[in-house]
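There are two complexes below, and they share chain A, which is joined by chain B in the first and by chain C in the second.
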Partner chain A sequence: MKYKLIGIFFFLILFSLFSQDNREILQQVDSLASYMDHDFAAEYTIIEDKASGERSKTVAAVFRRDSLEKYVIIVLEPDISKGQGYLKVEGTLWFYDPESRRYNYTSSSDRFQNTNARNSDFTRSTLSQDYDVVNRQQVQLGVYPCQLLTLEANNNDVTYPKMKIWVDENYLVRKTEDYSLSGQLLRTTAFPSYQQVQGRYLPRQLLMVDALSRERSQITISRVNFNDLPDSTFSKQFLETVSR
Partner chain B sequence: MNLYNKLSLAWSYFVKHIRRFAFLLVALGLGFGVITIMTSLSQGMTKNLYSAALNHYGGELFIIGYDQDHRNRMHMNQIPRIEAILEQWDYPMVQLIPRINYFGDGKLYFAGNSVGQKNVLGINWEDEAFNLNDLNILEGSLEDIREPQSIVISSQTAQQLKCRLGDDIILRVDTLQGQANTGHFIVRAIFKDPGLLGSYKSFIDLGEFQGLLNYGPEDISSLGIRFKKPPEVEELFKLYQILQEALPMAPFMETKEQLTHNIERQSWSGIRYFLIPLSLYVSQVDDLLKSMDILAYFLYLMISLIILVSIAVTYRLVIKDRTHEIGTMRALGMQKKDLTSLLLWESLFLFILSLFLGAVFAGIVLFILSRIPFSTIPGFELFMKKGRLIPQFSFFSSLMNIMLLLIITLPAVYFPARRASVMDLPHSLSGDN
Partner chain C sequence: MKKSLLWIIYLLALCNVFPQQDDDTLNLQDLLGQENNDSSLSGENENETNEDLIDLDDLFNSNQDVQTDTENQDDSLSVDSLVSQNPFELSANFSMQGGYGWGGKNLPHLPGADAAEEYEDLTLLKMASALTLDFRISPELRVLQKYSMSFPNFDTQVTEFFMDYNVHDKLYMRFGRQNLTWGISRYYPFTNLSARLPDQDDYDDTGADITPGFDGVQDDVNGDGVPDDYSEDADSYSMKFNLPMSTGGLELLFFTRNAFVENLDAPTSDEVGYGFNYNFAVPLFDFSCGTFYHKQLNWRSFYTFNTTLLDRLEFYHEALMSYDLEGDDITPLNYETGLTLDPLDFSVNAGFYVDFFDKKMELSGEYFYCGEETELAIKGRTVPLIWGHNVSGYISYKWGKLKVSTQLQYNINQNSGVVLPGLQINLLPKMSLNLSVPTIFGVRDGAYYLHNPDELNREALILFTVKISGGI
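Showing the complex of A and B:
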């Protein structure tokens, strides 16, 4: 009995160390992809290769204020969608259409401009808040030795209830796999290269493959800066003004 | 002269002069046939449209929940309470139809191909037999749909997915809470896409869909109601008032614009319940039908005028040819009144024979039309049943058509007959007109 209790005690200590360790890894990943002390602005270029062989290009300007969970996205290309915008304030994500001059509710889990990217892909990383690590193993991903973490959502608010992420020694995410609630692989994202801007790391390029439709997207992040933005950037007036 | 003698005399004259009446028979018969074809097709198309709408929306009256806590999705969960309210309403109903209508965001995948679905409908197979039996099944059968993981898809979807009967396809949806979820389904039947109301529509089992969407067993999108006789506005308002006492209701709406405004431009928290009659949904198509009716009535009027003129002219010529014969009858002692009535009885035989010939003509044309597939005409499937035009006959419309023809024929016949009867005997006998 005494040995059993000691065994359980050691198991609990090891389990809590394992959990603590995993949470720390996720927190490190989050901290690298979240900019709590500065605003963030960049241009995202999304090249989409459809299963039909068609290729489309979408360019968007992204402005984030992670400390207040606000963001604005303005579509710059293609011409047909130019001026459309997204505004996340006070927990609500609005979509603005300059043609009808109307705002509609949208969701962060919705596709961004009918690409493989989701609206949530443009926000700060909250893996440590939203997911629990259910498994961890050391693996080699190409030239990168990585920790492969298997995650399960601890709330219903995330788009993908299950994920696998490959994190390298510098806590940079190198690959993710997103799964449906039933465990079906939906999307694979690779992060082949990172760029360093004003002392911060962020992906230079992301490659996304929709596992079901086999459509591929390549997202390039450019013109990055971490300078403070005016408060008015995160407002409906700003969207309306720049959309004219 | 008694009636029997008049009738037998009129019949013998009618038979004797049938060659003279040939053109009139054809004109009247064709006229009646064309009018019968128009009205029966128009009624058949209206009935098919209504039936298509009833199948598509799943009832004649709907109680639908819109849940703004979950992206304004059609979602409700008060079935027992609503059922109790409907009992309290005490209006005769045929059937309650619970459904999940996953609108706009469902996507089907097969071997790298994907097709977005406008409506993925979660239905009780048994409850909606009336709906499924109306589908124009091209491949497979509805006997297997009770097997687990069954899906019924349209031919257009199957074509784009490049899938066949028995293939395992993936349906991707978001749960009520917004999480991505997928389910594997076996294609059990492929139906002909009925155009406007059926494009990119698929059916799966209600219980399986509830699981996929993370719904509870009492979570649905809408409760449809079928009636023997749909309620009038006063009855609907009575139901609305009872519902309003128990549930958070949207305003009572009578137009499509009000419905759109209330769903898309108003905000609330949680679920708001909408009471929507089918007529509100089909009001736009209804407008189209009304326009078609106006066109049909115009054609109807034109045909009536042509018949009226043809009969008036032809009958005058027939009477003119028979002036001498009419004079002889007068000379033999027949009264003017009896002569007019004899000519009118003759016309009645002509009228009855025309109706018969017209009905035969309409029957043949409608039979041929019902065998021709019109599905190549875009959007026309909406007015057909299983790809075929189905005429619809009603006692009232048939009676109306006969009465109309009678109203046209009577004056066209009466005045020349009357004129010939009252003509001077010498003139009549000389064949002078």
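Showing the complex of A and C:
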């Protein structure tokens, strides 16, 4: 009996170390993909290959203030959507339509402009808050030795209830797979290249594949800036002012 | 001790029971290998681009060093660069709608209809185009001009012409002709206060409503020789000041329109309305309240509230108070039946919007009680607000290029309503085929019958149209 207790005790210690280690990995990932001390601005170009063979291009200006969980997105292309905007404050997302000059609520889990990107993809990373690591493996992803983490959401506010993420030795996410609650693969995202701007890391290009429709999206992030933005940027008035 | 070690091994094994990731079965390359890499462009998509996607098969097979971006910092994005990167922008859009409609004026199912059915058909051809010039003179100053032309009347007008001025990103001013939208409801925009039109007391000998803006009748209220069509023409002038406060803010508005002003060169203070709209937006809900007064209109105040439930269902509620400060020239619209007019009126609504399957299916509904008895006409809408209890609903579903929808609006007090089932197919780029069956039902003297937007006043018709539209 004494040996069993010792065994359980050692297991708990090991399990605790394992969990803490996993949590630290997620925190490192979050810290690299979140910019809590500065605002963030960049231009996102999304090229989408539809299952029908058609190809579309969407360009958007993204402004983020991660410390207050806010972002603003202004659609610059295509012409038909030009001037449409999104304003996110914590868990709430407003959509601005320049034609009707109205603001509507929309969901973070919805597709962004009918692409494979979700509205939630533009916010800061909160993996360590929203997910628990249920498995970890050391794997090789091409030339990158990675930690493969299997995650399960601990709340209902996330877009995907289950995920797998490949994290390289520098804590950069190289690949993610997003699953439904039933375990159905919904989307795969690859982060083949990163860029370092003003000392911070962010993807240069990423590729998303919808597992159900086979549609592919390539997102290129450019014109990155970490300078402070005016407070009024994160207001409804800003959307109306800059839309054209 | 051996047992304990076995325990530990067993428990650690349990921790790894979760689905084992086998790179050979779920990796991206394999997944993409099933893709048809022949993504030849159709050449028909309006957003077509010739940029190449990255080579998917080699994504992780070569180490791509992190690139340090220092050379292009001058080109980085900022608020100033966003508004000044294209200081001058010209855009244009065009739409053409042609079709054929066949329907009847006296349908047998309607109470009071003649036994003899009368069917008429009509062809339809409309065109409209607009040209917009947008000048970003500096980050502070912007000027926008929008001109439009329509066929068959060849009406040309300045739809919008305004300037924006930004005071240190703290105060925003917009002055000129502009489209203003207050309130939430799309079915019954009773809180969009600047869109209210005055009653004109215009009835012909038969009692029919010939208020300007209804049924194409035009008047020349300000005597400038130009007919004033309240419902269609751009005729507004306004100055608004916006003070952002957190996500929302305060808007001060000074507003008038052609029909309110005798001499446009020198409007008097009595001819200009004023009000404010304060928006308080937090993650849990969005609240607005405001008021607007113009000497030729009742004084109105309102509030709106909306929130999102279960991250999917948008719920909204609005309320309005209207008071006739002048207490004169109150005349109900001709479909009113002997109601006692009260200077103080209240209106209220509640509605919802929800979508499913990535917005493929949309569903909305609203209940609206209209307590107002006068000034029920709304700019740009054929059917005015209708006193009493109103319900409306909309449902649509999209299958690829096909969309089916049905919209219903019904006034309970008058037993008058309209239902609009429709089908739309986007077969070719910039072209859609539409089939709809607008049907007015209920009593013959109901508001939906009296304000029938159909040229021939048909109660039900089958309408087939082709719409070609686009913009650059």
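Please note the rule applied: the second predicted complex is superposed on the first by the 241 of 244 C-alpha atoms of A that agree within 3 Å, B and C clash if a C-alpha of one lies under 4 Å from a C-alpha of the other, contacts with A are read in each partner's own complex, and residues count from 1 in each chain.
Here, a contact is a pair of C-beta atoms (placed from the backbone, for glycine too) under 8 Å apart; a residue touches a chain by one contact, two chains touch by 3 or more.
Please read all numbers here as calculations on a predicted model, not as lab measurements.
Visitor: So if we stack both complexes on chain A, do chain B and chain C clash, or do they fit?
Guide: Partners clash after overlay.
Visitor: Which holds for A:S180: it touches chain B only (first), chain C only (second), both, or neither?
Guide: A:S180 sits against chain B, while chain C stays out of touch.
Visitor: Which partner, chain B or chain C, is in contact with more residues of chain A?
Guide: C
Visitor: So, does A:T150 touch the first partner chain B, the second partner chain C, both, or neither?
Guide: second
Visitor: Of the two partner chains, chain B (first) and chain C (second), which one does A:Q138 touch, if any: first, second, both, or neither?
Guide: neither
Visitor: Considering only the touch criterion stated at the top, classify A:R214 as touching first (chain B), second (chain C), both, or neither.
Guide: both
Visitor: For chain A, what residues appear in both contact lists, the one with chain B and the one with chain C?
Guide: On chain A, the residues that contact chain B in one structure and chain C in the other are 105, 107, 109, 157, 214.
Visitor: For the complex, which residues does chain C have touching chain A?
Guide: Going by the criterion above, the answer is residues 1, 3-5, 7-8, 11-12, 15-16, 18-21, 23, 26-28, 31-32, 34-36, 39-42, 44-49, 51, 53-54, 56, 59-64, 66-69, 72-73, 75-79, 82-83, 89, 91, 134, 142, 144, 164, 166, 169-170, 172, 179-181, 184, 242, 244-249, 279, 281-284, 286, 306-308, 311-312, 314, 353, 358-359, 471-472.
Visitor: Can you check the complex and tell me which residues of chain A touch chain C?
Guide: 3-4, 6-8, 10-11, 14-15, 18, 41-43, 47, 49, 52-58, 61, 63, 74, 77-80, 82, 87, 89-92, 94, 100-105, 107-111, 114, 134-135, 137, 139-144, 148, 150, 157, 164, 172, 174-175, 177, 183, 185, 188, 190, 192-197, 201, 204-205, 207, 209, 211, 214, 216, 218, 223-225, 227, 229-238, 240-242, 244
Visitor: Could you please specify the touching residues of chain A with respect to chain B in the complex?
Guide: Per the stated touch rule, the residues are 51, 105, 107, 109, 153, 156-161, 178, 180-182, 184, 186, 212-214.
Visitor: What does chain B use to touch chain A in their complex?
Guide: Chain B reaches chain A through residues 71-72, 109, 112-114, 170, 172, 174-175, 177-183, 212, 214.
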